[in-house]
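Letters are used for the chains, namely A, B, C and D, taken in the order the chains are written, and counting of residues starts over at 1 for each.
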Amino acid sequence: MAEREPYWTSSISEITPETVFVRGYRLEDLIGTSFTASVFLLIKGRLPSPQEAAVLDAILTGVLDYGLEKTGTAAARYVVSSNPSMQAALATAILAAGDYALAPENSARFITDTHAAWVAAGRPDMKAFAEQIVADARRAKLRIPGFGHAVFKKKDPRSEILRSIAVDNQLWGEPAQLYEAVHQSFIQLPGREDFPINDVGMLAAISVAVGFTPQEATALAVLGTLPGIVAHVSEEYATGKIGRVIPAADVAYDVPRRDYAEDLSAAGWAADDGI
Amino acid sequence: MAEREPYWTSSISEITPETVFVRGYRLEDLIGTSFTASVFLLIKGRLPSPQEAAVLDAILTGVLDYGLEKTGTAAARYVVSSNPSMQAALATAILAAGDYALAPENSARFITDTHAAWVAAGRPDMKAFAEQIVADARRAKLRIPGFGHAVFKKKDPRSEILRSIAVDNQLWGEPAQLYEAVHQSFIQLPGREDFPINDVGMLAAISVAVGFTPQEATALAVLGTLPGIVAHVSEEYATGKIGRVIPAADVAYDVPRRDYAEDLSAAGWAADDGI
Amino acid sequence: MAEREPYWTSSISEITPETVFVRGYRLEDLIGTSFTASVFLLIKGRLPSPQEAAVLDAILTGVLDYGLEKTGTAAARYVVSSNPSMQAALATAILAAGDYALAPENSARFITDTHAAWVAAGRPDMKAFAEQIVADARRAKLRIPGFGHAVFKKKDPRSEILRSIAVDNQLWGEPAQLYEAVHQSFIQLPGREDFPINDVGMLAAISVAVGFTPQEATALAVLGTLPGIVAHVSEEYATGKIGRVIPAADVAYDVPRRDYAEDLSAAGWAADDGI
Amino acid sequence: MAEREPYWTSSISEITPETVFVRGYRLEDLIGTSFTASVFLLIKGRLPSPQEAAVLDAILTGVLDYGLEKTGTAAARYVVSSNPSMQAALATAILAAGDYALAPENSARFITDTHAAWVAAGRPDMKAFAEQIVADARRAKLRIPGFGHAVFKKKDPRSEILRSIAVDNQLWGEPAQLYEAVHQSFIQLPGREDFPINDVGMLAAISVAVGFTPQEATALAVLGTLPGIVAHVSEEYATGKIGRVIPAADVAYDVPRRDYAEDLSAAGWAADDGI
């Protein structure tokens, strides 16, 4: 009888009777090293250089927490107020990351795609190329991801630091430079003067520079906010409050009053039949 | 070479080249029958009687929706305001069910355990047995689950209907009777006059009467609220709002201002070492 | 002092001291009616006609269960084997719905967009319009969603029943007709003869016919499979197994053995510095 | 008109027009510092000492990855094979943490409760007290959490390293000492010689030593495994496989074949009535 072909393959870690080999290293060698280095090792499959570790630390600390003005934080606190489970809260916070928050995925894809197009075009003048991209996007009414912020108008203080750390560690590179050229062209548009590269856009640029995929960029952004979620969950537990609601004063209810029997008949249901 | 023992076994459904057999029936026979009957069939493994189907409909429609005063609804709306994914919203709403909302599991376990103890004791006088349970719980400072509601004081209108449907369909039975006896004894306690059996307690009693396990009771309660979550998600999409926050006026922030360098040094970090 | 504008508005349900009004009806009037009708009421905001209720039942029973060959079922059983929480299992199963399973969203969007384009074009000959769509998609190498199935080649038995129920209830309509015309044109392509409209495509067509949005179509498809997930969770609990793994015989591990100290040095870390 | 009392309070972070204050520090001061230190700062509300940071690194790197023998990893790979969303995969992996995997919560609660009881008893001889605890647990047939492992019999190599790092940094302390005394007494029981303190038990002991709550201990254990999940998701994407199933050869299906019309009648449904 022929042996079945294994349905799965994996090259991340392997368990032996003595230990676990993680990306080739014995787990005992890794326990106690910096978590940031382990994040890099697990995802990229090799140890980071000191420069890569430094920039990854910047990525992971780029957002941290944002009061109760992050959707995932609000959602997580509602959830644990009725289901006091840390796991449920963390999962909820992660599910709030998406097109409109904490997901550099779209920006990172824009950056890699734009760069690939620029390379394919034979590396033409970056400024002119960027102007063309902005003009094209404008004509197609496509939003360029990663620009603008509700609070930070002229410059996003977080983005500036993130950028300088990447530059200082020689991990900026072409894709990020092109993204900046696109941004420079973008803010020439009327009414767009106050659109800095925001935190999500900058996290995307740096994540691409270090070599992460768009989805991995989202994972890293999310990972960096989980300690804050833990803090909010503990703070919520400490209140002793149960079953948080959206306060009645914050909601305008507009629910009519209707006649059930009448409407049932109007919908075509026979009287003694029932729905 | 010996064949491997299958790692999994399942008796719920099976795919053949022609069709899918669900609990033994061809899927074509089931498509278009009442969803409620299918819920019963899938979970219990047999077709319901008309009475069982009627009571299951009552269970599934026992809560439906609760404005913005359900934690799962609030959480789901926060989530989709930044991650416009129906799946993420539904998952979030489910994760909000737990010890303090929408989880009849604890009540159902109390009901089955109490009934088992009563049977094991030789089916003594129910009233006296119930009084003993309340007295024991009081002494041990244990909360009896399923009694009391924030809005409905004297009686919970939902519970009354649920109960009458179960009684009318001869699906009330001993465990539910004993639970009611416990409740009767409970409201004799000073300050407990206004504690009706609430919706969760009643859903638990009926779910046990129809033969569902405590965890299945929670699943049914949750299932019954998902259509409302879908409605709230669609309503949220329709607003076009992006990134809901907890309004600043609703939060008292109490965050001090500290000196980083000073505190770093105080925590034992050398100046040129960095954290 | 000016009163704050309410941050939220909702017209789904409202709680009063006496009862809950759901889409305008007293909850007591709704408890015990068919769950399917309540699903319709909650999402669409009005009572269904008997025809609409019948087709919604078909939608909700269109898939039901699929052995252990549905990703969400497998994932849910893994989850509860280590975290015995019904809520976690249900949430997990929902998160498995997406681009490649159980999400009629894409198909429904294709159907509504195609129909809108056809209407905008002045309702030209449907067959010719459909042929153009297939030709365009082929040229742009775009996949038309909802065609083909791994097991069911010539016809999908589920789709046929779903279609006939919709037709019998006069809820087929133009968008679904156009989708069928597109399908007819599609299977003329070489090598595409055996691509029936699959269950997801058909659920999309019917959901659109009844008036649901693409995201709501996904919600309904997911909802219809949750009873099966409950059954699988109960079956998994009953095994008493803890911590399911992917059996070693099913995995080919390809993890090298490396020297940590050596690689650390090669990555640029000083010996006494550590990572 | 009286101002409303804020419904929420928070002391974790606060947004001002210029920056975000996180636990009192300007975010710009924190960006680029070690992520581990930020994890500590967010959760505990103060900067860690170098010793605390070192032990937290050990906690976060204590598990890392475990091939395809971790339920959360398997579940996450199934999920992304049909819903290619990094967020869905991470949320799923987190939901797999619970009573039987990756949740030091129970062990941590046992450790803090046992220690509190020992303190309340006037700090009696630790060995005798531990023996009493083991005897009591045995009589009550209660499982003491955190002992024993499926693969590692004599000693768990991960636990040994974790312990030594905590001891070296003077963060072991009384609760952990008492837990070890309980373990020493436990392995005297017949048939329990090969039950080392496993990774979850050791993570619990160290997390308590550093001052984290039981739920926070679970959060840290989960956090430490997320980079591995990211790696598995990227590996799964790279396969290009869609819709993973549990291979048919791994399942023994035991689904009977039944007659729908016959059973419907037997269940009490009239022929022309339908279910």
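The rule is simple: contacts are C-beta pairs under 8 Å (C-beta built on N, C-alpha and C of every residue); 3 or more make two chains touch, one makes a residue touch a chain.
Everything quoted here is computed from the prediction, not taken from an experiment.
S.K.: Could you compare the number of C-beta pairs in contact for A-C with that for B-C and name the larger?
M.R.: B-C
S.K.: Specify the chain most distant from subunit D by Cα centroid.
M.R.: C
S.K.: From the C-alpha centre of subunit B to that of subunit C, how far is it in Å?
M.R.: 23
S.K.: Report, in whole Å, the distance between the mean C-alpha point of subunit C and the mean C-alpha point of subunit D.
M.R.: Computed value for the inter-centroid distance: 31 Å.
S.K.: For subunit C, jot down the residues that touch at least 2 other chains.
M.R.: In subunit C, the residues touching two or more other chains are 4, 7-14, 30, 33-34, 67-69, 83, 85, 87-88, 91-92, 95, 97-98, 103, 246-247, 249-251, 253.
S.K.: Using the definition of touching given at the top, classify the network of chains in this structure as line, ring, star, complete or other.
M.R.: complete
S.K.: For subunit B, which residues are in contact with subunit C within the complex?
M.R.: 4, 7-15, 17-20, 22, 27-28, 30-36, 38-39, 42-43, 45, 54, 56-58, 60-62, 64-69, 77, 86-88, 90-92, 94-95, 97-98, 103, 105, 151, 157-158, 161-162, 165, 213, 215-216, 218-220, 222-224, 226-228, 230-235, 237, 239, 247, 249
S.K.: Quick check on the complex: what are the subunit D residues that touch subunit C?
M.R.: Answer in residue numbers: 1, 3, 67-72, 74-76, 78-79, 81-85, 88, 91-92, 95-103, 150, 242-248, 250-251, 253.
S.K.: Sort out for me which residues of subunit D touch subunit B in the complex.
M.R.: Touching subunit B: residues 4, 6-14, 21, 23-26, 29-30, 33-34, 37, 46-51, 53, 83, 85, 87-88, 91, 95, 246, 249-258, 260, 263-264, 267-269, 274-275 of subunit D.
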